[in-house]
């Protein structure tokens, strides 16, 4: 019988304690970000999709070694190159120039293996995170074109 | 035992809980044979998010497999990547700098707190209380912000590398982690008063869904499920790995075997994780964060290797059978929830459906991790 | 402590000679119990048994209060063999991980089910059946678990083509 | 004759309008309140403070197609939402908002409200049975056993109040408490010293009768998907929703009249309808506050609470009051 009443008492007390907590929370300021109206800045290390880095002349630093293509677990990078002849120290040398850098972002798992495997520092992570579309073609990025657009 | 369920003329009916059901947290399906609100028999149907990570492990190099690990358990991803890198380091004999191991331990424990917080919120929501979920998410958000600043991702981290880390932590992270600990302790007190002490909550969990220690053993249950059944088992203590022997922390064990015991184990574990983080930040040595001697392409010697780690859900094991190539010949992932969920079928017989769903919540299921 | 007693108990299953401890065995190795270097391999005991010795070996572990970690298969296509690997461990601070493995011919992969001893082997065996097509004789409900209900393919076989 | 008819029509229209506006804006209040408790803003896009949200929600619900699941009992399925809403509106007819404002005052007002309230269980039963869904059936069975077991303590406490007042007329009960808060029934009097406990019992019962958390077992969204209204969409769901909130208003009004002195001012000045509204909205705020604090009870926990705690205590209270009334 004593247990019966002490349980009722304990129960009522616990309920009141809980209500006290939610009451206090009621008057605290909100903590949410009103997303479409407010956005937050991504941290410096945020791993978005990749972008090419331009050298001083605005050309991509990439030398088409293909390390990123091989390192990618999902096979979402396709490279293309044309070879041109350039004169270095009076000698004519063949040099590969990046003609195509396609990223299939639908397959990308944002692991960053490509950036890590790049020995020439030619890739970086984008800070863009508002990527949404109803068509999957929108996620076949032509990074070379994006670089030109950024340069322009 | 899961024998096939057939419709029988004994006034029982089949209830399909899932694959889309609010209590199954994903796409798990449980076929329950019901007698009114009582469960006569239940059969779990898995495989709705099966992605065959093990085959991917055979096709990809060890480094390429790294992002897959974090897709297993999206709530406590770092623990799983930790298991993978430890297995490779063990087999290839790579020495990891101490600083890297400390940072690994700190981030894994932060991730464990985040995972437990989300479980706490989701569990109370399973029981019908919604606000604690929001409070838990607020606290978890601080952890995710910290981890994002370090790893670059919020959930599917790919931070550990064979022989070290992808990147070093900065002072901002250490400051933020130090600020986080007292704030989290305060929140834990709040949760204790708001939820643990609540009479409705206790009445729903006390003595409900007993899982005996023997049953845990037969099913191979680990983690908080086993510790709630009075089994003192935590891979961090039983088979110490990484720098865990350096830390002073306790393994919470409860002997009641009921859902409340499992709940309390996890709540106490958060406090223990905070202790580890605190000590780790204090002891954090200077030095490199990446091993200097490391082969460019990892090839493991012929043989098979096993590594167990304690993740937020229990003992995660990774078995690598190598034939000397740069990718595994066979890669087996032993996921803790797979075994923990297995005992649900037997344990829930004769239970009311609402208790069974509370029990399911107390197992802390992450379906992609069961299905792999 | 538990390591020695388990080793002796498992050793008792093999009346014949046993390869020297710690030596890396040639493949295919002979049946028997080996101790492994925990530091590199991550487990302590490694017992290879015949398929018909399996139940006896698992019973030994059950009596020593081991819990079941996992069951998995390996497809050794070059040797035309399948291997079933059972992992066991204990809820104990005296850590002892035991691996029991058995090799069976690839054309007729069948091993006895251990669900009678460990109820938790049920799903593990179903999963191994899914992925490798290994039959577990005496399993109560050997239907696909992770694969679709009507799956008749075994994706982890080395000659599997999607 | 025609004047009476007009009177009735006007009264019913006002009751419907009051119920509908209350239901719509209580949803808004609930969402805002819940959001504040959880430290987020809640609906704030449509109109100032999101005040246009309820009408927009209403338009959305009304433009949706009404789906009837295959194999459902069409008649019961269609009748149930109406049956959920109609009794709630009917109950408004007899509630006195102040000395002069009541659609139709009845001598047996308490009885009328209880009679209509018990029809709510029927709506849930019809909905659960009619929609041919296992979850719905389980939920409706739960809800009915819950309503039955909570009507008993609720009625017993109401009878205690009726005994001390000597009338079943809601207006008379209110009048008897006028003249300052020390006259209110919530405070212990010579005749019934256990009145505060009666108030708490009545409050708990009205939570349970309206299927509100922590007693929302009929909905139990994490167990039974959405309970008895799993299969309802469009305005069928809308009516259930409005019915729930209309019932909350009824519950709060009844609690106010029986225990908090109706339209009486706590300090004996300016009695009027504003005091009544203030009291019921405070009670409703408490309803919302409770819902967003506690987890749900179990069905057996709920029945245990009723049969083992509320009914014995309320019966004891009834006997004590009866005895004291006889003595003094």
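Letters A, B, C and D name the chains as they come in the text, with residue numbers starting at 1 for each one.
The rule we apply is simple: a residue touches a chain if its C-beta (ideal position, glycine included) is under 8 Å from a C-beta of that chain, and two chains touch if they have at least 3 such contacts.
Just so it is clear, the model here is predicted, and its values are computed rather than measured.
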Any idea whether B-C or A-D has more C-beta pairs in contact?
B-C
Farthest chain from chain B by C-alpha centroid distance is chain D
Using the average of all C-alpha atoms in each chain as its centre, how far is it in Å between chain B and chain C?
25
Find the geometric centre of each of chain A and chain D from their Cα atoms only, then give the gap between the two centres in Å, rounded to an integer.
51
For chain B and chain D, let me know how many angstrom lie between their CA-based centres, rounded off.
43
Any chance you could list the residues of chain B touching two or more other chains?
131, 135, 138, 194-195, 198, 200
Can you list the chain C residues in contact with two or more other chains?
none
Residue ranges of chain D touching at least 2 other chains are 37-40, 292-294
Taking the touch definition from the header, please name the shape of the chain graph: line, ring, star, complete or other.
other
Which chains touch? The pairs are A-B, A-D, B-C, B-D
Note: in the complex, chain D contacts chain B through residues 34, 37-40, 134-135, 138, 142, 213-214, 216, 220-223, 225, 292-301
In the complex, chain B touches chain A at residues 60, 63-68, 71, 131, 135, 138, 145, 148-153, 156, 158, 166-167, 190, 193-195, 197-200
Applying the document's contact rule, which stretches of chain B touch chain C when the two form their complex?
1-4, 46-47, 50, 52, 54-55, 58, 87, 90-91, 93, 216-222, 226, 231-233, 237-239, 303-308, 315, 317, 319, 321, 329-330, 332, 334, 338-339, 342-343, 346, 371-372
Residues on chain B engaged by chain D in the complex (per definition of touch):
13, 15, 21-23, 34, 36-37, 124-131, 134-135, 138, 194-195, 198, 200-201, 203-204, 352-355, 357
Chain B-facing residues of chain A, complex:
7, 10-11, 14-15, 17-18, 21-22, 25, 31, 43-47, 71-73, 109-113, 116, 125
